[in-house]
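Read from first to last, the chains carry the letters A, B, C, D and E; within each, the first residue is number 1.
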Amino acid sequence: MSALLQVEDLEILFKKKKEYVSTVSGVTFHVNPGETLGIVGESGCGKSVTSLSIMGLLPDNYSRISEQSTIQYNGRSLVGISEREFRNIRGKEIAMIFQDPMSSLNPVLTIGYQMVEMIRAHEPQLSKKAAEEIIISMLKKVGIPRAEKIIDEYPHQLSGGMRQRIMIAMALSCNPKLLIADEPTTALDVTIQAQILELIKSLQQEFNTAVMLITHDLAVVAEVCDRVMVMYAGTVVEEGQAADIFNEAKHPYTIGLLNSIPSLEENISRLDAIPGSVPSPEEFPSGCRFAPRCPHATEKCYNQPPDHYQISDHHFARCWLYSKEGVN
Amino acid sequence: MEGKRGKRADGPWKIACKKIIRDKASMVGFVLLFLFLCLFLLAPVLPLQNPVEVNLAKRLQPIGTPGNMLGTDHLGRDMLSRLIWGGRVSVVIGFIAVGIALVFGTILGLVAGYFQRFFDTVIMRFMDILMAFPYVLLAIAIIAALGPGLLNTMIAVSIVGIPYYARIVRSSTLMYRNMEFVLAQRALGAGHWHIIVRHIFPNCLPPLIVAASLDVGWMILAASGMSFLGLGAQPPLAEWGVMLSEGQKYIRVAPHESLLPGLAIFLVVLSLNLVGDGLRDALDPKSK
Amino acid sequence: MAKLLQVTNLKKYFPVKKGLFRQTVSEVKAVDDVSFTLYEGETLGLVGESGCGKSTLGRTVLQLIKPTSGEVVYRGSNLTDMNFRELRPFRKEIQMIFQDPYASLNGRQTVKQILQEPFQIHQLYSRKEREERVQEILEKVGLNKEMSNRYPHEFSGGQRQRVGIARALMLEPSLIIADEPVSALDVSVQAQVINLMQDLQEQYKLTYLFIAHDLSVVKHFSTRVGVMYLGRMVELAEKSSLYKRPLHPYTKALLSAVPVPKVGSKRERIILEGDVPSPENPPTGCTFHTRCSYCMNVCKQERPNFKEVENGRFVACHLY
Amino acid sequence: MASYILRRIWGLIPVLIGVTILVFMIMHLSPGDPAKIMLGPKATTESIAKLNAELGLDQPLYVQYFTWISNVLTGDWGRSLQLKMEVLPLVADRFGATLLLTLCSILIATAIGIGSGIISAYRKFSWTDRSLMLFVLVGFCLPVFWLGIILQIVFGLKLQLFPISGMYSPGQTGLMDLFLHLVLPSLALSAGAGAVIARMTRSSMLEVFEQDYIRTARSKGINERRVIYIHALKNAFIPVLTVLGMQIGFLLAGAVLVEMVFAWPGIGTLMVNGILARDFPLVQGVILFVATTYVIVNLIVDILYAILDPRISYQ
Amino acid sequence: SSKTSDQEKSGNSQIVIGLEAEPTSLDAHQISDYNSSRAAMEIYDQLVQFKDESTEIEPDLAEKWDVSDNGLVYTFYLKKGVKFHDGTDFNADAVKFSIDRQIDPKHPYHNTGQFAYADFTFGMVKKVEVVDDYTVKITLKERFAPFLGNLAMHAASIVSPAAVKKYGADFTKHPVGTGPYKFSSWNPGVEIVLKKNKDYFNGKAKVNTLIFKPITDPQTRLAELESGNIDMIVNIPPDDLSRLRADDNFQVIEQAGMHLWWTAFNTQKKPFNDIRVRQAVNYAINKESIVKDILKGTGEVANTVLPSTVWGHNAELKNYEYNPEKAKQLLSEAGYKDGLKVTYWVPESGSGMQQPQAMAAAIQSDLAKVGIEVKIQTIEWGAYLDKVFVPVAENEMDMHQMSWIGDNGDPDNFLYILFSSQQWPTAGFNDAYYKNKEVDQLLNDARVTEDKGERTKMYEKAQEIIMKDAPWVVIDSEKQIVVAGKKIKNFKLHPTGVFRFANVEVQ
């Protein structure tokens, strides 16, 4: 099966005081058509930056992607293509929804305007009326009541959940093959989050869209994803089928994360917290980036960055524990 | 144990300084401003001619005249010397006028924004009244009342500035008074003045500093407008605004008489602008 | 267990001003007739969706906002009747920790200044003692003393929240109202902070009013849990019974909506229809009736009483 | 909306009363006797006293004020002491000229300011940006009375492109003539405001460019121009609008200087001479107009806000 | 056919005049400034008028007149058939109306204006009587030699009673007289347009239209002139004048005015109560240099306290020469060897004040050379008048600037008003608080003497004494200067400052 999106050895650098600092590096993953890939990790680990680089939306004056990185969409490279070419991909091939539905919709334009504009950008021959019909049916699909009225309203008149549905409807209105959802439910309440996650799942089935679901909430990933990738400090530390990750996590970081979440089902008197905190890109350790917080860290972990080690068919971990040589 | 992030922490101001040193443009501004200030401060000891000595035999000499490097004005006074001595006065006007506006505007803005209700209504209404009064008129009226002259011009233009600072401060205060760190003080039992002085005011300061640095130039220009109407600082005192407006009368025969003070004002405004921009970036915690 | 704090029929209505002369046309019923009791040494968790009035409740209890009506009695003293000055001694007793550790610290003060400020306000201790106490507390919350000269922006989120906690502890309070203290933190740090708060509770015999929106955190942390919906308390019970057998339909839905980090944990999920109504214009009767699947006629008209249906279990629902 | 406007107009009244009281106090408390100025230095004490009595200037201040304000309310704005004409028609007429000049400058300042602000913001930190901003700063620093003369000499006298001063050529009243006469003074007046607007637009655009919805707009694959002119500008314009509203005050004030230089028949010279001659009825009339305009302009700005920014609603 | 050619010649002819400021009134009786009188006076005639370029009197609306022996009754015989621009007849009633309107508080049209010059012009008038339609008798309260001169002034203009009755206070916007031009329109701030009065009794004017435009800024006025949009301007910046003189496109028309610019001492207060100090200052100031370098020849150094254009001027007298040594010597004699400090009050501008600040700066600098430290205090004109003209006890200043422009061409209008001890402020204009018994006597006598020769002698003597007493530093008489395009012919300035266009032609 050929992957819809294939990212290899992605390195993203940001300009900090004159120098470019590598913020994300060695990120390799793929998304298959129709599947849901979850990307989890704590704040600042590079989830958003990775997804923006796929869309070509990194700030061009102070960030760049290093040369060896490859991003291939449907066999086409997305690195270094012109803004024009990108415009044809954005929205039409790959669509994106963002964390905060309030700030992601333009507050001074009507919902209808923003949606029609997108459709017409990709299908200029469509009349405004026709485009409006499309979006109305799309809005109905995401469960928005009074869709005909809503298109003349402004984002602030709607609740958070509604706005996020509109973002989803908009993202799907051009039938993209890949939907990148960057923390789509973080700003929402649990009951609303549940609605939205249900919605994404059902739409994905209907349109057979591949979804890259980015979140910091492991539970959300467990709920909807086929495969999961765990990121820490700009690198992928573990990747595998959802069941692999949640049932037999290998990387100490993944294990730590899972243990620090209070459980609804069991009673624990004390949480297992990972000590320390996430380093910022300037102070990434030279070896394994998790080493300073890792209970199993050895000399080697501090000095040499580990590679991806295969654990089972679709399960990889970036930890010396799973290399052939072992930790020492 | 020394923290990994380094030694003793730098205060926000020290960090700002470091950022400024890194920022070339604002460094240029600082250096320029510093040079100007040095020049002005040293005016009494520099080998300059008497800036108010009239020499009618040498009127309106062009730039490059031996003995008067930058020429002379319509009374034969040395332009270079007048520019430097005038800078002393103009810069003082600018800074003091801004200072007065800043102090009163800040106090009014803090009180209005923090206590709201009655204070807010009364103070802001009064500010509205001042703003609805076109500044030239206000200044003329004040000067007509107090008499023309440097001090009164300064008072006039600074009164004009008060409502703007009051507005800036009030809106920051409105924002900060509901922020959690202020709430935290209330929860600790802090009194109103403690909160205003220790917490709200320091946070209002950076935008004020930026606005103020830009306004110094504006004040000098406003004062020069007063001089044009004959109400500003009074001759023979060398002051850029006076020089500019007097020079305007000789623009056809001796353009340098108004060009030079204009250029001087521009350079000061430019440097203050660079400094202001630099400060804004430096004081913005989000900027790198 | 001794009663520490008794909240009776607490209401906080914010006026909504409209019209030609900004007259008050309606009210946001941010807190609408809430009563509960806090016992010494316990942790009362408070959950509910955004905008349901949790923060407002916390702030009114603390008298940071004057309630519209109702009583807050702390150890026999009625706080609601007191003026600014009379409240001051109680400010030492009751403290608050805020959601956003960055916004709740003044970015222009060093940690030392922040932590000494409570003493300055209440004029306690000498200079030297103040310094010593700061060091002591810093150690307690897991920060080292070298950090006392740093500014908040130089800390990570978790460390900042520790500073916030340290500040709340400076005056040795008996009650701490924690308004979503871990919501802004990452999971790994959240766990650290929760552990810290638990440790401190033991050491100082603290009582917590713990506000959060994450049900699993509340469950982990609290002794009893209250559930709020649109300004009202809909259910209040011992943690174990509430999570095992929620009574109110809203509590049920809320619990079922929480995702669990387990693959294939097939739970019966109640997906609520629609959005939370606006508190400015809440539904009549039971405010939840618009989204409730058990809705009966009476629910639309009559507001259910908040009553004790079992021992220590309060519910506001016509079903019980 | 209508009730909002009504309320704002209601709120205008205390401001106007305050403004007139302020003028009244300043003018009356300042040294200088209107009768003496009117009659010139050659007047005798008796004739001055007589005139003061005729003008009612010998009465207590509050009586004078109430007399004045009640007359104003009945439409009698008094007669200028200096110009001997009725204040209301005189000021209304001259104010029209000032308003025209100010509006024209606003247009120019907005066009230039927003244009260069956008370019600068889009090419931030480039040389284009730097030189534009330097140019803008020059505009900010040019005193209008000086810039005015330069424009006259260059475009009026040397190039003979535009008329030098006045509102009409002698004896004419044509529209085209008026338009040509407007060019130089409005350019001179717009420099400062244009500079402020340019800076504001730039910083506001920079801020907007960082917003999530701009990222969203780009992620939709729409044309960059749409992103800038529709998505960014429409948002960035809102803070610029506040500045515009405030600039009106400054423009009205700056108009005084421009009018002096260009012999523009606005309220500028009227006002300056009025104050210097202690011409109370005239000055108060002018102030009433200016303050009302200021308040109305800001009301319009607020209404424009509501139109531009749907989040603000005035019910 | 001569009629048509005449019309062709003047058909579209117009002159655009750039004024310094907006005229304040076109009602001749209310005028108190140059700008207004320049724009308005061609609308009106008076009973008598000044001859061209002089202050001699000649008949105008009055054909002839008698003066009674006691000098108290003036009888005027009026021209017949003269009509106002509104078509009503000019007659004795109009004369009575024009004077009574100003001086009689009970006159029904007294409240149609404020008559700044009424007291000055008609203060001595007891009554005005209509003898018949074309004869008017004016009776004075006391003998007043310069009275005829007063009747040539603007306040003595004869206005149309019908128009005053019709327009009331708005007469100022609808002026009607008998003059060579009639009012056409006034667009405040923009222009005042006058049209030729085809029925003028004294010969038709040759130019069709006069347009007066107020342009405040001198540089703008100049640019307008140079670009050809304006035909003539007043108050040319001195430094630009030399360029215009050299330019073939322009003519510079000059006329010495009845003007004097001086710096007065407070002679009643230390240090200037000492004549030596006053003289020292007089010696210390380089008047030639001020006139040559600052005024660039737009003034003439004055030799005495009466301008040369007014009869009675004592040409024999010499102003103090520039002699700093002498000044220092006088100062040390007076006990100010180590110098002294004085305050010098200067208005920020003011009518007739020329360049107050530059001149003050020059004076300050000159005085510094002889050890007098001068502190200049500049005040805006309105407040300045208030501060200068106060009773002597309240006066705070040491020196101040002032100027005077003659009104009726009579020396009394200078010397009595400025130097009689009865004219100490606030009663009058003696701003130096000068008091000299002999001078007082001379000036009082001259007022009531009818014989011009005798009066001249008295005035010459008075000037001599005053110059010696040095209550002032008298600097210069301003020249009236108008620059006009070459196309304007026959334009002549008048010492009183009004413009006369009746004989002007345009080529």
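Assume a contact is a pair of C-beta atoms (placed from the backbone, for glycine too) under 8 Å apart; a residue touches a chain by one contact, two chains touch by 3 or more.
Note that the coordinates shown come from a computational prediction; the quantities given were computed from them, not determined experimentally.
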Chain of greatest Cα-centre distance to subunit A: E
Contact counts by the stated rule: is the higher one at B-E or D-E? D-E
Distance between chain centroids, defined by C-alpha means - subunit D, subunit E (Å): 38
So, what's the distance in Å between the C-alpha centres of subunit D and subunit A? 52
CA centre of subunit C versus CA centre of subunit E: separation in Å? 86
Rounded to the nearest Å, the gap separating the Cα centres of subunit B and subunit D is 23
Touching at least two other chains at once: which residues of subunit E meet that condition? 219, 380, 382-383
Tell me, which residues of subunit B touch at least two other chains? 144, 147, 248, 251-252
Can you list the residues on subunit B that touch subunit C in the complex? 1-3, 5, 8-9, 11-12, 179-181, 183-191, 194, 198-199, 202-203, 285
List of subunit E residues in touch with subunit B within their complex: 218-219, 222, 237, 239-240, 243, 286, 289-290, 292-294, 346, 348-349, 357-358, 360-362, 364-366, 368, 376-380, 382-383
Please name which positions on subunit D make contact with subunit B in the complex. 14-16, 18-19, 22-23, 26-27, 29-32, 134, 137-138, 140-146, 149-150, 153, 246, 249-250, 252-254, 256-257, 260, 271-272, 275-276, 278, 286-287, 290-291, 294-295
List the residues on subunit D that touch subunit A in their complex, please. 124-125, 211-213, 215-224, 226, 230-231, 234-235, 238, 308-311
Given the complex with subunit D, which residues does subunit B contribute to the contact? 125-126, 128-129, 131-137, 140-142, 144-147, 164, 217, 221, 224-225, 228-229, 241, 244-245, 248, 251-252, 258, 262, 265-266, 269-270, 273
